[in-house]
Amino acid sequence: MAAVTVPLERVDAGATKAASANAILVVDDIVKRFETPDGVLTAVDHVSLSVAPGEFLGVIGPSGCGKSTLFNVIGGLLDGYDGSVKVAGERLRGPHPSIGMIFQEESTFPWRNVLDNVAFPLEIAGLPKAERYDRARHFVKLVGLDGFERRYPAELSGGMRQRVSMARTLAAQPKILLMDEPFAALDEQTRLLLGDKVLQIQQQLKQTTLLITHNITEAVQLSDRILVMTYRPGKVKRMVEVNLPRPRTSEIVSSEAFGRYVAQIWGDLREEASRGLEDEEGRKLREGEKP
Amino acid sequence: MAETGRLSLPATRPLGLPLHPVTALRIAIVVAVVVIWEAVSASGLLYRDVVPSLVAIARALYTTLSDPTFYFHLYTTFYEIGIAMVIGGLSGLAVGILLGGSKFMARAYEAYLYYLGPCPKIIFFPIMIMWFGVGPGSKVAMGAISCFFPVALNVAGGMREIDNVLIRVGRSFRANTWQMVTKIYLPAMRHPVINGVRLGLGVALIGTLLAETKLSNRGIGFLVIQAYSIFNMPQMYALLIILFVIAIGANSLIGRVGGLDQIKHS
Amino acid sequence: MSAAATTLAGSKLAGNKYAPMALGLLSLVVLIALIEGLIRLGVINRFIVPMPSDIIAAFPRVIAEEQVLHRFLLTAGESFAACILVTIFGVGGGVLLYRYHLLRLATETWVAAIAAAPLVLMYPLYLVIFGRSALTIVMMGFSAGLAPIILKTLEGLSGTRRVLINVGKSFNLTPGQQFWKILFPAALPTIFVGLRLGLIFALINIVGVEFLINFGGLGQLINELAERYDLPGTYAAICFVILVSVCVFIIMERLERWLRPVD
């Protein structure tokens, strides 16, 4: 099946208009700049997107395209930007209760066991103990870690720890799940298997999800739509509708249609990625030459 | 990264020797020291009682430990150090959190702590006497200012070393300030805090005891200087031995408490 | 102004390199002025806390009358001697323990225990053994600084990454070459940490013991002035010692940075 793509000029209008009717998350014209010793850096340059309830949106781009900045903006951890982020019509003012974040780095609390880690958001929200642990146990089971409740993160593998982080965020039952390269630290096989888990969970919970990644396979495997970003300053390059059948499993990676999607996205990304590489090398050269 | 690597010999006794080699070496070292000591003591090489016979020291140890007034002095010293640790420790924790949490504050004030830290606090003792009198007050003050610096510096450093992602997790779940401090900052810093307390205890001990040797009529420090002034060497050695055992014991106790979750800590 | 630009402007002030330092200095000046004011108003007892202006006035007097330079050189000399001794025996001891595994296994915990013990309390003992002289002071400094240096040297050497050792082996280096070209340079940063720690302990003990036994250089000066009830002088001398201590550590840091350019 041929990939349906939306040409560049119509991206913004198309993305916002098509979904804004029932969009639960609307990101409108975000511009975020940073002051660095080398001058003003524009990380995100007029990016807009919207996510419908139950939808899985992937955002992909080369390293340095401002994906993580976007992640932190939508998550409410960064401010000082132009434009707006609205959740169910309500404008963002710091981390929104309906948004759950899963970070790229190791983020489990090493001093708490699995169950206490997952119960953390419920503890913060002030839920009574019994209810807290009940709910936590449910989500520990959901990610497939039942039996490990009393273990500590140090005793688990990387993939298991990421599942704990996931369970922790899901336990808060956010309307929107925001993930920033959650599997970046894992090996390929673990990634694919965890991708399966994510698909399973998302289908079960009908969870609205926004996934930020640099991994094309992962993006195509999991997403309904994919937003391709340019290298810094990050703009939307293309919106891709992924018309692969649901429910999906990791077996989809061997299908022909899958291959074509990946090829097309790589075609878009390649020139952005190589610009990024040249830029990085040039910067390191200049740094080394400084007295 | 670099913990003193734990090299290990096989747990079982190699070559069918009666003793594990490490134990054998330790015994050998101890025996050698004892022999040399007694030899020097008996030979009268050094002035009179400078190296008293181990028997004499043992006797002094026994006398001291069975003397009730000794425990009065011990209690005084403990009491002074205890209060000093509470005052110095809590204020160190507060200041450390403040400095570690704000880059601006750290750049403004941390240098003062960093450079005052290595300064020998005993030189402040005359001032402490003026302010707090010749009684326990000045000793507590000495212990407290000694203890404050390592705790504050370690806590400030510990705050900065907290994995940033853990703080972001807390914020993404909208934890309030109190929750952030008790559920994220403090647990995440437990190792630097404990090390700071360990160091703090060490220097509080020194500060308080030296103050007692300089000007006091009670406490272990006082006993030490009293033994010196009447040249009762065996007594002095005995007191020093008791002191060192307590200091080393307290240090390793805190260390063990801190390392308790080593297995769980990644 | 857009939100983004406002944040940039705001961060410019907070990001000013000198603002925090200025605040620190300003706070100090304000504090001193406050104390001066409170003393003049009689809120703080003049006989317990001398006026800062008196203390400052005491500086030139102390410097001129009390042969501060001579005392400083004395303390510095003691410190230098202790420094050399403790470096040689500390690093040497660490290397020795690294080289002979059995010895290390037997004694490492003992050395750690000594590092934790309040050795300075043995000063009456050292007085008896070495007499009331500079030797006592040097030996006290030496004793205090030795254990931490041994431990850190050991830590640095055994913490060398396996892969670096394997590189050496792949080039067929002799054990001597392996040590001097790989192990020792790799351990140097940790050894420096140990040296700094050991030196700090040594210096604290040197000035402290000078104060306690009323002999030597700067430590003794403070003690003397205190016994004479020369309050402004005592405070001035304390400030002076702090100043010296600060300078020594700044120099040590510069030295370290010079010897280890990229770290």
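As written, the chains take the letters A, B and C, and residue 1 is the first residue of each chain.
Criterion: a residue touches a chain if its C-beta (ideal position, glycine included) is under 8 Å from a C-beta of that chain, and two chains touch if they have at least 3 such contacts.
Keep in mind that what you see is a predicted model, and the values were worked out from it rather than measured.
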Q. Of every pair of chains, which is linked by the largest number of C-beta contacts?
A. B-C
Q: Select the chain at the greatest separation from chain B, using centres from the mean of Cα atoms.
A: A
Q: Take the average of all CA coordinates in chain B, do the same for chain C, and state the distance between these two points in whole angstrom.
A: 18
Q. How many angstrom between the C-alpha centroids of chain C and chain A?
A. 49
Q) So which stretches of chain B touch two or more other chains? A) none
Q) Of all residues in chain B, which touch chain A in the complex? A) 163, 165-166, 168-169, 171-175, 179, 183-184, 187-188, 190, 261, 263-266
Q) If you look only at chain B, which of its residues touch chain C in the complex? A) 1-5, 7-9, 21-22, 25-26, 29, 46-47, 50, 104-109, 111-112, 115-116, 118-120, 122-127, 130-131, 202, 205-206, 209-210, 213-214, 221, 224-225, 227-228, 231, 233, 236-237, 240, 243-244, 247-248, 251-252
Q | Sites on chain C touched by chain B in the complex | A | 14, 19-21, 23-24, 27-28, 48-49, 101-108, 113, 116-118, 120-122, 124-125, 127-129, 151, 154-156, 158-159, 190, 200, 203-205, 207-208, 211-212, 219, 222-223, 226, 231, 234-235, 238, 241-242, 245-246, 249-250
Q | Residue ranges of chain A touching chain B (in the complex, touch as defined) | A | 75-77, 94-95, 97, 99-101, 103, 105-107, 109-113, 120-121, 123-124, 152-155, 168, 172
